[in-house]
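Look at the two complexes coming up: chain A is in both, with chain B in one and chain C in the other.
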Partner chain A sequence: MKHRGRGLASMWYPVGFTGYANPSGAVVKVNEDGTAVVLTGTVETGQGSLGVLGQIAAEALGLAPNDIHIISGDTDTCPMDTGAIASRTTYITGNAVRIAAEKARDILFEVAAEMLGVKPNMLEAKDHKIQVQSFPSRNVAIADVSSRAHNGIGTPPIGSATWNPPMVPMDPETGQGKPFGTYVYATQIAEVDVDDETGEVEVLRVTASHDCGTAINPMLVEGQIDGGVYMGLGFALYEEILFDKAGKQINCNLTNYIMPTTLDMPAIDEDIVENYDHTGPFGAKAVGEPSLVPTAPAITNAIYDAVGVRITALPATAERVLAAIKAKRAREQKQIPA
Partner chain B sequence: MAEDLDVLDKTRIAPVDSLRRADEDLRLPVVARPSTLPLEPPLVPQVGEQTHAVGLRAQRPDSRDHGLGLTRYIDDIALPGMLYARIKRAGVASARIKSIDISAAEAMPGVMAVLLGREIPTNLFGTSIVDQPLLADPIVRQAGDGVAAVAAVTEQIAQAACDAIKVEYEPLPGVYDAIEALKPESHKVHGGDTNVYAKKVIRQGDVERGFAESYRIYEDEYYTPGIEHAPMEPFTSIADWDSNGRLTVYASIGRITLARVDLSKTLHVPISRIRVIGTIVGGNFGGKNEIRHEPVLALLAKKAGRPVKGRFTRVEEFVASTIRHAFFMKYKTGVSKDGKILARQIRMILDGGAYCSFSETTLGKACILSTGPYHVPNSFIEGYVVYTNKTTAGSMRGFGAPQVCFAYESQMDDIARDLKIDPLELRMKNFFRDGSMTATGQVLHSVKVIESMQNAVKKFGWETQS
Partner chain C sequence: MNVTLTVNGEIRSASVPPETTLLVFLREHLLLTGAKTGCDIGDCGACTVIVDGKAVNACLMLAAQADGRAVTTIEGLATREGLHPLQKVFEETGALQCGFCGPGVILTSKALLDENPDPTTEEIRTALAGNLCRCTGYVKMIDGIHEAAKMMQSATPALPAPEQR
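So, the complex of A and B:
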């Protein structure tokens, strides 16, 4: 018989390396026509980081994402970057891009201030224009400002910056310190059906609520959550590398290392918690790794809710769940006095 | 129709090996791009118009290429005259190489270069502890260790040459279990007197006093296994030298600056003479954060005088890259009658496999996060990583966090059930808040765990169910 259960798990996760410097550099160049180029040493690994970095640069410069071209992943042309690791790209590389873009924008402000007859600190960049704060009708197009900076004044708007999260290394004896710049939080809830005759677990739906600071691109955040739940599902129910007695892997191919398929995927309801972290670029933190963290315990807690057995060793394969159900029945039968 | 069926039947009865060979023979280079490209402005209009860029559901700059199948992954790159490399894997987990005979391989037509570990200037790399050889020489510590590499005009010839290399091994004792590896009499994978190569201790408050004040104490053990990243694109790189002795490496790797430093250290080439181009990565999940075979490809390319591409097979992706650390965890938690956590003592053993890789930082993150998103006034956490003669464990999405989260969230539910407190209420009582202090003494800001639970509960419809 199938039993339905639900389980919840919460988590926290840090952004960046554990108490080690992990800086990023960035260069932002505004072109003569008001479009811009960003140089970053990070690499697109499928998560959409280049799009996010483009949106950050666009926001800082008052441009649209489409106006930004990103050059990445080449040690000859791009500044140093610790890389696409530790959920750090949006938070750390993003901060470097934001600061570099602001430096380029400040050069534009110097030029625009003269054109508009105000002080540079009274200006803001918005809608492809540089305008006087609170007086948007007094404005000049960024394209005109940039052209004048390049060809008239001789101050091409180029900004470069590096950023490293603030931290204090941990004491080796007590572990005390401030190893990370910030943390993110999440809660996931899973609903499962457990068949008590076969031990099979089917995950029906997962609700995943994640704090990532400001969502620079909510669509990409949701994509990361979906991918994380997929990995968490494999971790919870299927995946395990088996070794023989001589240390060789037994199931080292996709024919016998079982991973979830699209048919195993539950319905996922993503939620982004509203937040603004003052240390992140425009309030952003991270979502890459954290999205998989609470999935497995949410599923095993749901298994307990359904059939009353605690899985303490992953993965919760049908064999393990069935063995636990049988052990529980045996225990309960013993308790009945003869 | 009848013919179709005939083909199907034949494939059904064909032995797996011949099928695989047929597949390899038929594998052609990438050809035939679509003839026309729809080049009209494609992007979501708002991406071009709206300048509030942050918060926009903007289309990714690479989505068109992905959607049209035009993204150039590294396997789509071929340089003129390029050779293909294969690495011979040991296949034994603990042994000493007595001799390697490469004469038959070198004599094969189409074989352009053969490389052994002893020819690599510095045959060691690693992100913290530098302990991993690029090609084992002379000790093999995991079955996936490479022992020799071949560059040939085709991948098939390179593989045949690898098969023709004769290696004589002297078997060594091995250790294949993390708990076993802790015992004093166990085989020491890297010599010395212990297999423990990294340790982390975090102390906060007085854990004994916390337990003494507790109403109930819960002790549980948890285990999570080693798992594989399984990216769609296996590890692939190309090495190419110019006539001035400058090296260009194309690699599907997430950390190009670190890769350049490691290439410089292993090859003894100044950083200014190395260029690393990170291609679009076809799935990383932590497995592509360090070099694997790039210096080997560079040396093969130098020997052969031609660019060399090396790509892992799916099996190599399992046995010769890294995996997630298997965790053995003991959780002892003391709580007050009303469900406040008063003390938590956590001990964890990580199976690090044959080499260090990212073990130190995985251990660090796991220990720091192991108390959960909860205020725990007294905690004592100790973690150890041990060498075993198994596949090296390294960085993988989550760096130890999924393992400890499985433990602390399983135990939270058990505590709630035992104390007859609603599991949500128990968590709510203990959750971090802005200004809470972690086990390492860090004061937290921007804490939203309560909100995440409230949102999830609302969206799921938790209250409306029984």
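So, the complex of A and C:
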């Protein structure tokens, strides 16, 4: 018969390693028409990082994300980026884009200050305008400021920056230091049905609660969580690379390397716990890889809750779960006094 | 051998070796590269196209078997008036990430919605079971297909688009 169980797992995950150089660079230029261009060495792989970098530049410049044109992934023209790895793009490349955009904005402030007859530090960039703080009716359009900067004053608003998470050298005696820029935290709960006659595990529901700092684009954060739970589910129940004695992979296609399909996916309840991290761009940290870390332990804990067996080698295939259930039964029968 | 079929409403023909699959015919002879070569053995669904209203793995069908039939590929979905509702919804809701599975997923979904305009979540899951996606966990795809079904039901059918001023 089927037994229902629930399991919970929590994790922390480090973002922005500091032991080695880990920089990202960015160039932001504001055009005469009030649009802007961002040059970044990072690569979009579908997670939406360029959209997030565009949002960061737009926020810093007082523009809309649609005004930002991004050139990326071309080492001939773009500044160096350590890579679209280690869940670092929003945190590190995002900081580089933010600082570069702020430098370009400061040039706009210098020009606008003269146009508005105030000091540059009294200005803010918002809604396509440079305006006096607390007096938004005193404003000039960013397009007009940028055009004047280019063609009147001769100070085109271009900013460039690099950001590398601050290095803290390791203490040679204690081995302690600060190996990462920041950390994210998450808890996931899995609800499963385990069939004690076949060992088959069905994951019904996963609730995934993630701290990612500021969620710059909540829709994309949810997408990352969905994908992470999917990969965690495959890791927990299905996916395993098998080798023969010569070390050659024997399941090298999708017929026998089993990935979850739509029929295996549980309902996912994504819960974003926002919190402002002062080291990240507008408080943002990361969500990519962390989203799959707690899934497998939550599922194996749920299996334990359902049928009382600990699965210590993944994937928890029906064969492994059934073997564990049989071993448990055998142990329990031995313990019954004659 | 000569193969003639209707692709996206247009009659196309080419002379190909008899072992040519529909996928190779589309990609290499007609240069329609929207259908993707994923596993090439019918596991992943990235090559899905619609043949006479049914979603098929183009890698498992010979071009000769499609002779005289109507094939829809992802290139045939958008019109001059705009994207197909599925494409529009998928773009707006982040239903695709890397997008490699996208053409296949969208065509499987279109074949489903053409046959069943208001599917349940279970029906959507069953229809998409042959399309593997590594990025999204299918979650936003399934939501998006519900959304597109609503859009397609409320849309006025087959009227010419209004003149844009």
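General remarks:
Following the convention adopted for this analysis, the second predicted complex is superposed on the first by the 329 of 338 C-alpha atoms of A that agree within 3 Å, B and C clash if a C-alpha of one lies under 4 Å from a C-alpha of the other, contacts with A are read in each partner's own complex, and residues count from 1 in each chain.
Following the convention adopted for this analysis, a contact is a pair of C-beta atoms (placed from the backbone, for glycine too) under 8 Å apart; a residue touches a chain by one contact, two chains touch by 3 or more.
Small disclaimer: the values here were computed from a predicted structure and weren't measured.
Once chain A of one complex is fitted onto chain A of the other, the partner contacts of A:Gly94 are absent, as it touches neither chain B nor chain C. In the superposition on chain A, contact of A:Gly34 is made with neither chain B nor chain C. Legend: residue contacts after superposition of the two complexes on their common chain; A:Leu263 is shown touching chain C, with no touch to chain B. When the shared chain is aligned, chain B and chain C each come close enough to touch A:Met219.
Partner contacting the larger number of chain A residues, of chain B and chain C: B. After overlaying the two complexes on the shared chain, residue contacts for A:Tyr185 are found with chain B alone; chain C is out of touch. Using the contact criterion defined above for the overlaid structures, shared-chain residue A:Asn253 touches chain B and also reaches chain C. Residue contacts after overlaying the shared chain place A:Ile85 against chain B, while chain C stays out of touching range. When the two structures are aligned on the shared chain, A:Tyr230 is found in touch with chain C, with no touch to chain B.
When both complexes are overlaid on chain A, the residue A:Asp277 reaches chain B alone and has no touch with chain C. Judged by the document's definition of touching, chain A residues 45-46, 48, 219-220, 228, 231, 253-254, 259 lie at the interface with chain B and also at the interface with chain C. Taken in their complex, chain A has these residues touching chain C: 45-48, 219-220, 222-223, 226-231, 253-255, 259, 261-263, 265, 268. Residues of chain A touching chain B in their complex: 6-14, 17-20, 41, 43-46, 48, 50-51, 54-56, 58-59, 62-66, 70, 72-76, 78, 80-86, 126-128, 170, 172-180, 182-183, 185-189, 191, 205, 207-211, 213-220, 228, 231-232, 234-235, 239-241, 243, 245-249, 252-254, 257, 259, 269, 271, 273-279, 282, 284-285, 288-290, 292-298, 300-301, 304, 310-315.
Chain contact summary for the complex, chain B toward chain A: residues 43, 47-62, 91-94, 142-143, 174, 176, 200-204, 220-228, 230, 253-258, 260, 274-286, 288-289, 314-315, 318-319, 323, 361, 364-365, 367-369, 372-373, 381, 388-391, 395, 397-399, 401-402, 405-406, 408-410, 413-414, 423-424, 427, 431-432, 439-442, 444-449, 451-453, 455-457, 459-460, 462, 465. Residue ranges of chain C in contact with chain A, taken from their complex: 39, 41, 43-44, 93-94, 96-99, 124-126, 128-132, 134-140, 142.
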